[in-house]
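Below is a structure I'd like to ask you about.
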Amino acid sequence: MRANALRTAWQRGEKTINGWCSMPTSFGAEVMAHAGWDSLTIDMQHGLVDYQAAVTMLQAISTTDVTPMVRVPWLEAGVIMKVLDAGAYGVICPMINTAEDAERLVRWCSYPPRGDRSFGPIRALVYGGADYPENANATILKIAMIETVQAVENLDAILAVEGLDGVYVGPSDLANSMGHPPRLDPTVPAVIEACQDICRKAKAKGLYTGMHTGDPTYTAKVLSWGFDFATIASDSRLMQAKAQEVLQIARSGTAAKAEMSSY
Amino acid sequence: MRANALRTAWQRGEKTINGWCSMPTSFGAEVMAHAGWDSLTIDMQHGLVDYQAAVTMLQAISTTDVTPMVRVPWLEAGVIMKVLDAGAYGVICPMINTAEDAERLVRWCSYPPRGDRSFGPIRALVYGGADYPENANATILKIAMIETVQAVENLDAILAVEGLDGVYVGPSDLANSMGHPPRLDPTVPAVIEACQDICRKAKAKGLYTGMHTGDPTYTAKVLSWGFDFATIASDSRLMQAKAQEVLQIARSGTAAKAEMSSY
Amino acid sequence: MRANALRTAWQRGEKTINGWCSMPTSFGAEVMAHAGWDSLTIDMQHGLVDYQAAVTMLQAISTTDVTPMVRVPWLEAGVIMKVLDAGAYGVICPMINTAEDAERLVRWCSYPPRGDRSFGPIRALVYGGADYPENANATILKIAMIETVQAVENLDAILAVEGLDGVYVGPSDLANSMGHPPRLDPTVPAVIEACQDICRKAKAKGLYTGMHTGDPTYTAKVLSWGFDFATIASDSRLMQAKAQEVLQIARSGTAAKAEMSSY
Amino acid sequence: MRANALRTAWQRGEKTINGWCSMPTSFGAEVMAHAGWDSLTIDMQHGLVDYQAAVTMLQAISTTDVTPMVRVPWLEAGVIMKVLDAGAYGVICPMINTAEDAERLVRWCSYPPRGDRSFGPIRALVYGGADYPENANATILKIAMIETVQAVENLDAILAVEGLDGVYVGPSDLANSMGHPPRLDPTVPAVIEACQDICRKAKAKGLYTGMHTGDPTYTAKVLSWGFDFATIASDSRLMQAKAQEVLQIARSGTAAKAEMSSY
Amino acid sequence: MRANALRTAWQRGEKTINGWCSMPTSFGAEVMAHAGWDSLTIDMQHGLVDYQAAVTMLQAISTTDVTPMVRVPWLEAGVIMKVLDAGAYGVICPMINTAEDAERLVRWCSYPPRGDRSFGPIRALVYGGADYPENANATILKIAMIETVQAVENLDAILAVEGLDGVYVGPSDLANSMGHPPRLDPTVPAVIEACQDICRKAKAKGLYTGMHTGDPTYTAKVLSWGFDFATIASDSRLMQAKAQEVLQIARSGTAAKAEMSSY
Amino acid sequence: MRANALRTAWQRGEKTINGWCSMPTSFGAEVMAHAGWDSLTIDMQHGLVDYQAAVTMLQAISTTDVTPMVRVPWLEAGVIMKVLDAGAYGVICPMINTAEDAERLVRWCSYPPRGDRSFGPIRALVYGGADYPENANATILKIAMIETVQAVENLDAILAVEGLDGVYVGPSDLANSMGHPPRLDPTVPAVIEACQDICRKAKAKGLYTGMHTGDPTYTAKVLSWGFDFATIASDSRLMQAKAQEVLQIARSGTAAKAEMSSY
C-alpha cells in the first residue's frame, strides 16, 4: 500500500505544512497540489465542498505525491466512510469533545476487529494499492479536532482512545468556547496556553499534533511550540489576500513587486 | 438598463483594473467579486471554464456591482451569443486579426440593424433590466484582442469597424507571433513598442484599450502608458503565488508577515 | 451585518410570502428571486436539491434582496451548519417533535455561548458582512416544523426553548400523523383547528409562525388566521400548473388569456 | 426504430404543441414531460443549457413518450451531431438565412449518402433502437428557423433543399430584422403577414411548420393559420408567470382560485 | 401506483439478478438499464455516487422497466427519505445489526401510521403515479444488510421487525467481522454457512433474501441456495474486467473472441 | 516537458493499444487508466462528454502514466485549443477530408511559427512541466481521422501537410461513405483494402497510424497489418458486453467463469 508520507515524515521528527481546500474545484486543488504543500485537506465542513466535488479534488491531488486528507462535516458515519472509500489518507473530524466521540471516530475509520468500517474501498484500492485492505487501519490518519472547553477537560480520556492518531487544534472555535472572539492566530494568553497544553499532552501520549493558523509567521511559531503540522489559511483566503495585495500595488503605482510569474 | 460601469468610468477618464477567473467555481468568482476589482472577466478560452460553469460565475459576480465580462474561446457565434444572453456586459474575443474578424464580432454582439444577434436575452433581462433590448447594443462592450503581427498590420482597418468598442492586448501571443517567447509583462523593446502603438492608435480612434499583465507593477506601468484598463494575472495564479509565498515564510520561520486575515 | 428582512417585516407586523425552490437550478432560483417573493426557501428535504446545488441557488438569490432560507433534510448537524456557512438566513427544520429536538436545532444554529455551532462562516461573511460573527445568532431564523401529533402534544415545551424563533406548520405531515390524507390546504376541521392552535400558541409566546399552502386563496386565509408568513406551493408545481393551464387554453382555442409576457 | 410521434401526428393532419426547456435541470424537464406537451425542445441557444445538462434532460424526457427535440445554439457541426448522438429526435436550427445554410443543416443531420453526419449514435441507439442507423435520416426532424428578412427573401430556395423537414418561425427575431420591436405574438400587420406567408409557402412545398408563441390564445391562433405545431413560452416563463399570479392572489386576498394541486 | 416488479417476480417464486451502479454517471446507468438486469441498485455507500448524481441515475433507469433501488450510505434519516422522494423503489441499508436498527429503517421508509416518513414524494409521484401516497408503504422494498457477527446474533429479532421486507447479505463485511479476509464469493466454510443460515431463517419468516456476489457462477450458486436475488459485481468492475480481458486478447494476438458488438 | 510515451513507443517500433472513454465520469476514466491501456482517448465527438467533464477525466488519467488524448467534436478551433490547454497530449480530429482541413488542424494545435495556437497552457503547464511552451509542438500528437471517400482521394495531399503526426481510420464512417453499413471490424474487402491502403501510405510518409476496432481479435489483426495503435471499443461497450456476459452465465447456471475479481 502506498505509504502515508505524513506518518513517515512525522516519525522522522519532521514538520509538515498543510494546505486547505475550501473551493469546490478540482483544478484549484490540482494547482494547490503543485504549490509545495506536504498535504492538502479538503474542507467539507466549512468549505463549500460536498462529497461529489471532493472526489474530483482527491483525484486532482492524486496526480501528485501530496497526501490527501478530508475534514468531514461532522462526526457522522456515512460521510466519513465515503471519503475513506474515495481515497482520503486522513480524516480530520470536528468537535471531538468526549472519549466516546473519539471512539466513534476511530471505529468508523477502522476495519474490524478494531472498528466497524464497512468494506468497499472502491477508489482507495486504486489509489492505495491492492494491499489496502490489510494496511488501511495502520495507514489512514484519524485525527480529532480539539476545539472546545469540554474537549480540553476531557483531553486525557480522548487521548487514551486506542487508534486515535492525532489531534488538531481549531483555535477559532476553542477561543469562542472560552468566551473570546473566534480568531485564528490567538493573542489571548489563555487561548495560547490552551493550544500549547493540548500539543504537549498529545505529544506525551505519542499522538501527532496539528493546528490551524492564518498567517505563516504564526505557522512557524506553532511548529516551534512542538506541533507536527500546521495549516495556513485556505485556498480562497490565499487568493483573496493576493488579489487585494496586487490591487493595492497596481492602484498605488508603487514599485513593490508581487512576485507574480511571467506566464 | 443597468449601466455599464466600465464605460462610465472610462468616459470620465478613470482607469480600471480587471480580475480574471480561470477556475470553474462560482464561489471563487464571488470571492473575487468582493476583492476590489472593477470588473471580472471569466476566461472561457484558456481558463478551465465552460459555459455551464460560467453561468453560475456570472450569477456570483451579480451579487456585487462588479462588471462581468467573458473572454470567449474563439470567434464562434454560438458561444458569443450564449454568454451575452447569460448576462455578460462585455465580450473579449481572442485573435481578431482582420477587419472581417472584427466585423463578425460586432455583428454577433449586436441586435439589428447593426448586427445579427438573435433575440432571447434570458438572463440578461433579469440582470440588465426590462429595457435591455433597446439598450444592449450601446451598453455591451465589444472588445477585440490584438495579439498577432497580422492584427497589428491590419490595425487601422480593425479600428475602423463601426461598433467595436475597444481593443485588448494579449502580450504573450503577440510576442510569440513576433518571434519572442510568450511572456506577460514584456521586456523586449519591440514588443513593448507594439503594445504602446496599439494603445495609441486605438485611443486616437476613440476606442477603449486594455492589456493583460502579470505583476501589478507592470499593471501600473501600462496604465501610465494610456491604457484604460489592465488585468492582473488570474485567480489561480494569485492563489498559487500566495501559497508559495506563505509556504516560504512558514518554512523559513522568518518574521515577514503575509497580511493574512485572522478568520 | 445585513439585516434579516423577514425579522424586520414581522416586527412591524407585516405578513410575508415565501417561495419554495425544489428544482436544483441556480437560474430557476434567480427567476424566482425576481418574481416578487419576500423570501425563498431552498428545499433540501423533499426538493431534489443537495448541498452543492443549494450553494449556487443561494448565490442566485443573493443577486436580489430576497431573504434566503433553507429547509434542511433532517435534524442532522453536518448539513445544518453547512447551509448556515453558505449564507442561509434561516433554517427550517422538519419533524421537530420534542423540546430536545428543538434544543438541538437551536444549539446547532447558534454560536457559543448559546450553542455549539462551529466557527467558519465562509460565504456567510461575504453575504452578511464582516460583523457576521457577532450578529449571526440574533439574525439567523431558527424555525421548527410542527407536523406531528407528538409535536402538538409537546408544543408548550418546544416553544419554551430559548432561541427558537418560529414554528412552521407542515399540514400534509400533520394531517397524515392525525390519520387523514396528507394534503395541503386542509379541509378537515380537526386539522384546521390544529394549525390554528399552533399559530395561536406560538404567537402567544412571541414566536413567528408560518405555514405551507398550495393555493394562494388558502395562503390569504392562513395569513388572516394570524400566521406571519406562508409558502405557496413550489417552483416545480407553479411551472406544472401553468403548463397545464396554457395547454388547455391553446387546445381548446378559447379566448381566455394566460397573461404571459411578450418576450 | 422508435417512430417520431410528431411526424406521425402531422401526417394525420393533427396539430401538436411543443414545450420549451430553458432551465438546465433534468427534474424540471421530467416535470414538463409529464405536463401534457406533445414534444419538448431543449433550448441550447437562448436557454441556459449546455450539452452536458441537455443529455440529462433528454434522459428525463425519455421516461415518457414525449418527443425530444433540441434547438441548437447555432449552425455549428460539432454540437448538432452531438445532440443527435444523444438521442434528439429533432433539431431546430436558428438563423437559417440561405439555401446554403439549410443544405449544411441537412447534411450535418443526415448520414451518407444524403449527408455528412458522422456515425456513432451512442445514446440514440439506446433510445431509438437497434435499427436506428438505417432509419435515422427518415426519422429525425430537420427544422430551419426562418427569422430574418434575408431568410424570407431566400425562402423558396431554402424550402427547395432536399431533406429539410420543416420551418420554424422565430417572430421576435423576424420582427427585429424587419425593424420592429422583438416581440412574441406579433401585432404588427406586416410581421403577422410574413409569418403567415412562411407557413403557406412551406406547407405548399410539403414541409411542416411551427412557430414560437407567448400566450396560449395566440398559440391557438397560429395553429388556426395552418401551422402544424407551436411552442408556448418556456419553462422559466411559465414558472414566473404563475409565481406572479399566485402572489397577486395571495396578497390581494381575493377569492380567485389558481387551480394549484393539493400536494 | 406502478407495481414493484421485484415483489411481483419473487411472489411468483422467480429469481432476479441485480446490477450495481458505482459510477456517478446517468449515461452509464442507462446503459446498465438496457443490459438485461431485473433491477439496478445505485450504491451511495461504497460507490462514488452522491445524491445529486443519484437522481439523474434514477431518471436514466426510469427510461426502462428495470426496478430502481438505492443502497444508502448509512442508517441516516435524511438521505433515506431523500432517495425515496426521488423515486427509489427499494432501499438497501448497510449494517443493520440490531432490531432497533431495523425498526428505524422501516419507520424512516414508511408513512404513518407504521412509520415517520415525511410526506413530499416529489419525483416518486411522477414515477410511481398519483396513488403513490396510499401505496408506497406496501410497494417500496425495505431491505436490511446482514453483514456482521452482531447482526447474525440478533437475526431473529431483526427478522421479527414488522414491515421489513428482506435481508441482503454483504459477504465481505460478514467475513471481515468473522475474522476472515473481506472477500466476495466466500470459500471459508463458516462464512458460507452463515450466508446460508441467514437465507434460510429469513425465508422461513417470509422475507425476501439477496446477496452480493462477484463472479456469475457464484451468483448462480447462491440463487440455488434459495436466495431470491443476487447482485453481480458492479458497473466499474464489469468495465475493468472486460478491459483487461480484451487487452490480453489483443496483445496475445490469440484467436479468442470477446463477443464485442460491431458498432 | 513530460515525454509523450506514445511517440517514444512508436519510435521504438512498438505497438500500443488505446482505450476509449465515452462516459462523462472521472472515476470511470481513472478505472480505465488503471486497466492496462497505453493511452486513453476521451471521446468528445460521439461520447457523451463535454469539455467540463473532460477536464476532470484528464485529471483522473493524470494520476497514472497513461497518455491522455482527446477526440474533439469537430474541426472547430475553440474546443481544440481548450483541450490542449487542459493537458491533452494528442488530438484526434474527425472528418479530415482535405489538405486544407489537415492544415487547419495542425495550425490550431501548434504555436507559432508553425501555427496559430493561442498561448495559455493553463493545466498543460501543470501536467507537462515548465518547459511545455518550447516543446509542445513537438510533443503533442496531431492526428487526422481518415473516414470518407473524399479523404481517401485526398490522402496524398493530407499526408503532405507538415506537422501532421498521424492518421486514424474510422472504419464505420469510411464504410458508410463507401456505401456499406457503418460497422467496426470491416468484412467487406473493399473497406478492408481501403484501411490497409491508408496505413501503408501514411507509414510510407513517416506518419503514425491508428484504427478503431470493436473486437480484440480484430485489434490484433490491424496491428499485424502495420498500424501503430488501435482502439478497442469503448468504456460503455466494455461494461455492457461484460454485463450481458455475466447475466447469461448467472442465468444459465453454467460453470463458465467470468474471471471477476473477489473484491
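Read from first to last, the chains carry the letters A, B, C, D, E and F; within each, the first residue is number 1.
Convention: contacts are C-beta pairs under 8 Å (C-beta built on N, C-alpha and C of every residue); 3 or more make two chains touch, one makes a residue touch a chain.
Bear in mind that the values here come from a model prediction, so they are computed numbers and not experimental data.
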Completion exercise
Under the touch definition above, the chains in contact with both chain B and chain C are A, D
Exercise for the section: Consider the two chain pairs D-F and A-B; indicate the one with the greater count of contacting C-beta pairs. Expected result: A-B
Fill in the blank from the handout: Residue numbers at the chain B-chain D contact, same meaning over half shared and different meaning under half, come out as different
Practice task
Could you please state the distance in Å, as a whole number, between where the Cα atoms of chain A are centred and where those of chain E are centred?
Solution key: 35
Practice task
Using mean C-alpha positions as chain centres, tell me how far chain B is from chain E in Å, no decimals.
Solution key: 52
Problem - In chain C, residues with contacts to at least two other chains - result: 22, 24, 27, 31, 34, 48, 50, 52, 55, 76, 79, 123, 133, 172, 182, 236, 263
Exercise for the section: Any two chains that touch count here, so list every such pair. Expected result: A-B, A-C, A-E, A-F, B-C, B-D, B-F, C-D, C-E, D-E, D-F, E-F
Practice task
Mind listing the chain B positions that touch chain C in their complex?
Solution key: 26-27, 30-31, 34, 55-56, 59-60, 62-63, 123, 125-127, 133, 263
Handout entry: Partner chain F, residues of chain E touching it in the complex
Key = 17, 19, 22-25, 27-28, 31-32, 34-37, 48, 172, 182-185, 214-217, 219-220, 223-224, 230, 232-233, 235-247, 249-263
Practice task
Give every residue of chain C touching chain E within the complex, in rising order.
Solution key: 22, 24, 45-48, 50, 52-53, 72-74, 76, 79, 94-95, 147-148, 170, 172-173, 176-177, 179, 181-182, 236
Handout entry: Sites on chain C touched by chain A in the complex
Key = 50-52, 55, 76-79, 81-82, 85-86, 111-113, 116, 118-123, 133
